[in-house]
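Think of it as A, B and C in the order they're written, each chain with its own count starting at 1.
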């Protein structure tokens, strides 16, 4: 039932939904947050704005993960790394734009003053330029993914082995970034940001701007993903997932297909990370811990992999649940979260979205059988 | 099917998103909400859980005596799960959604740094109960733990004194994060001012959660052959156990190379067989073994509370420095609110300055009028076979905190109060 | 002052009462010993040690152990042991301990001095072991007052080992002698030392102060330099041995942690993210067994591990089998989803342990026979706990190997690993084999937990720190081959320790991870791959 060709991405109702989402993000949310007075039932609180903004970034990562795992069958346990690298790349810009307002009133970030560094190390060059930082956000995860992916896919590393070495990679980077001598602030990472492009960062307006940007990025990612999976490229990817050797025997070289989607997925994660950092106000190596990357896979699994809406639903469900549980049952929330993961994998192999589809199919069957032919 | 499914799924997504937009939070008028922001899961749960409990105990105690200004305190406990961005989110939630009047919480420096912008933006009030590296002074934070001059410097002076063994070489061993880095930077500059050469200082860092100290202990042994050596350890809580076990096993005794630690207290020693550690040192502003009426009462209350709430480890109730600091913080806040006759942060902050409290450490502790830190006495204790500390040295009275250490260049220009 | 005088008198009498002739400790000495302030104390102690009267030992030991207490209200000095006080004056027990007991504080420095004084007094003991220990304690002593006593001890000593030790002690004490020949002889004889403390002493002789040598005599400096080189050479050799040992020790720990994973993963292709938590369960079981033994049979405490080893195996195996039956078996053929489900399980297990035992670490005490170590050279001590663990992992490895190659279950396991469908066709009940095999792997994880509890923390997060490492070992070694796991674990352990010596712990770890990533590029199936004909393996 897939439609092919970029012209037929969605049907009219699909486009309607996309447009509705855009209106919701770009008009309704800012209105409810900035215009509707506090205390009104319809007021969207600052807290909700930053929470949803944050989760939308996670949803982008989940979508990126779905492209590589759900559609191509390659489980990466290192996507947290690309997310964090994007965040660090943009964080460098944010650190430089603090200017002389740090604790030590120095042009260097506080942690460098602290290590008695006199100048920025070479890899910090030009990061004071916004556009260059944006370029880094894309390039750093992209190049790393390309190089890593090239060698891994060329050696035909597959399945669990690939998962484990991506885990080793993110773990190695985490240790590297934890070192203070690496020059990225060690365990504390980057924090205490002041402004973006000379606008102060901790204002409701800036928060809304970031929220809208994240929302647009999410919708954009969704459209891009939709376009890819409904194109010929997407079919080849699915074929690789289902039977890689047959794809090879049919004359395709899976290397470049895999490499493309893998690099793209990493770049998307980087962009999500760059949007995430100014919203939460901190980036530190904890984001690279293997546990975080596993969680990304879990969002996708909960929502339903191999669908595009699934990862988004999953990211919202899991993170929303965590946000709620940690307040409602601070001492027992891990039980709930753990139980959800088990239940989803056992009973909902296609995730929440799969369940919905299944229920609907059943209903239709009933209808069909109810109507005598 | 694909198309319609997509539409509906999007609608579901939007609904889910909307569900988060306003929570079921309503504020009751007859209570004062107090936020507790300590990790109850993840790596820091080991240290922070008990601070949550001691805070709840203090709140219960205050409520039993009639609350604050006739209103009961209502604790709001959240779990930031040792996840630093989550700390910021939870802080936002506590101040923005739950409208708490004050927050007691954080342990690691990075968690404090992560919530700071939130407290500044929303004008919240945080009481931070753990010894830390200094180099910070924020209007919205009161620091009830020790600054480096209230812990690290006196301990080092003691090690250099004849009584402490007259150490001439120092191993500065820490976990690689900001607290050890800063402390060691301050100590290095302090040691230099005392005429210790760079070659006699060995600075070493291990990653978080490091558990294999064979190489490090062998290195310390090697280093200590070069002269009377002491180890100053800023190893993070959890890694201390394997470190001490290795010390004991490789036969490095406290009488040969004493180790003074700044992150090892009664709680950290709970999981350790302390016999091989006897004689190693810790510097704190409070020890459970202190003998005075205030401490006896504090210990008794804690034991009763732990038993009543069936807390894990209630069979061996322990108190430690950050617990005392949490307890002091809550009472100082209560007194300040009563003085200001308001829970408004702008009125409470000036009222906290100059508050005094008869603390379990046996001194009447004062909150400095300007610098948001406590005046605290410093104790140096030796580990005993029962996991307690025996005080071998103490300052004659409370010491004023110097959050801007004079041993860091440029700090002489800093003002001793929030800007 | 009055009080001090009183205490002094009391102490003097007490000395009599506990069997110390008053002559051993004069009132002035006791006065100084009980007073805080280390200078006077140290002098008193030195004079006691120099006097060489063994009868002063009991009182000094009581001081060192912190058992001497003073009471102002009773105006007495008591030796308090296990809550029972002995009146030092009369030597009789005190019915009720007074409230205001104040301990005579002995800090590190004083304890060290006490130990040296006691050792000096014990040099002429009748027991060889006591003399040996005493001679060892004195290796770093430089107090020249002790020389006559040491000379006397050497003269009386018949045991060659102790005599050699004592001669080195004498050399130490003679270093500051006024006679140059004696000094030179002493320095030369120090060259045979294996004691790191000797290096300290020699370095001090060679030190410069303000551009001038502290030691003006060039001959002496020359001799000292020569001895120093000899000592350092010996110490370096010791350090090398220590490095290899710590590598093997780390390797054995990795092996234990990864062995169970190698079995479950190798057989079923199950990525068990809860493997670390099974290790943790083993460690907590050890904790519980330890407490039970302590409560019910305190005499047998030193042997609690004998019960803890099988118990941790059983408990972890039972939990593992329950997991397999309850969750994992529904997910066969979907390895990546097992990963997620077992991740959920691990969250639940961690939180369950946290709820039951608390978030804090729990205590697991080493039995006496596992504390301390073998002194190979005086700067290399091989800790018993690590030696035992190396032996233990070798034993576990042997048992696993036997189980896999010599039993019927092992035969089935190997069969299922190699070709599940074929094994099933031949009548092997593969489902049951899976359960047993998973139990075996989990049980081994439990054993690893039991071993780890002896050297590290036992807390809810214990397993998390080993899970990544275990996976690296299994993947590096290759699936389904015990030998691969062994080589990988040992290799990683030794390489890691070797690099750590050069570049520090963090860089070493990163280097190892990078090495693994590159190695996998070369051999995507690990060091030892199962040979097969699958195109989509």
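Simple rule for what comes next: a contact is a pair of C-beta atoms (placed from the backbone, for glycine too) under 8 Å apart; a residue touches a chain by one contact, two chains touch by 3 or more.
All values reported here derive from a predicted model rather than from experimental measurement.
**Q** Which chain pair shares more contacting C-beta pairs: A-C, or A-B?
**A** A-B
**Q** Find me the chain with the mean Cα position closest to the mean of all the protein Cα atoms on display.
**A** Centroid comparison flags B as closest.
**Q** Centroid from C-alpha atoms only, then distance chain B to chain C, rounded to Å. What do you get?
**A** Averaging C-alpha atoms per chain gives centres 29 Å apart.
**Q** Mind checking the centre-to-centre distance between chain A and chain C? Centres are C-alpha means, answer in whole Å.
**A** Distance between chain centres, rounded to whole Å: 45 Å.
**Q** Go ahead and note the Å separation of the Cα centroids belonging to chain A and chain B.
**A** 34
**Q** Residues of chain C that contact two or more other chains, please.
**A** 350-351, 355, 506, 509
**Q** Give me the residue numbers in chain A that touch at least two other chains, ranges are fine.
**A** 175, 178-179, 331, 334
**Q** Can you pull out the residues of chain B that are in contact with at least two other chains?
**A** 40-41, 176, 205, 207
**Q** Would you pull the chain C residues touching chain B in the complex into a rising list?
**A** My answer: residues 38-39, 66, 103, 105, 107-109, 111-112, 115, 196-197, 199-200, 203-204, 235, 239, 242-243, 246, 249-250, 350-351, 354-366, 371-373, 375, 379, 381, 383-386, 455-461, 465, 497, 500-501, 504-506, 509.
**Q** Would you tell me which residues of chain C are touching chain A in their complex?
**A** Chain C reaches chain A through residues 265, 269, 271, 273, 327, 330-331, 334-341, 343-348, 350-352, 355, 464, 468, 471-472, 475, 506-507, 509-510, 513-514, 516-517, 520-522, 524-526, 535-536.
**Q** Any idea which chain A residues touch chain B in the complex?
**A** 1-2, 10-11, 13-14, 16-18, 20-21, 24, 32, 41, 43-48, 50-52, 54-55, 103-104, 111, 114-115, 175, 178-180, 186-189, 191-193, 202, 280-282, 284, 286-287, 307-310, 312-313, 316-317, 320, 323-324, 326-327, 330-331, 333-334, 353, 356-357, 360
**Q** Contact residues on chain B for chain A in the complex?
**A** The contact residues of chain B facing chain A are 1-14, 16-17, 19-22, 40-41, 76-81, 83-86, 88-90, 92-93, 96-97, 108-110, 113-114, 116-118, 120-121, 135-136, 176-178, 181-182, 185, 205, 207-208, 410.
**Q** Which residues of chain B touch chain C once you look at their complex with the stated criterion?
**A** 40-43, 45-46, 48-50, 162-166, 176, 204-207, 209-212, 214-216, 218, 221-222, 224-228, 238, 241-242, 245-246, 248-251, 254-256, 258, 267, 270-273, 275-276, 279, 281, 311-313, 382, 384, 390, 392
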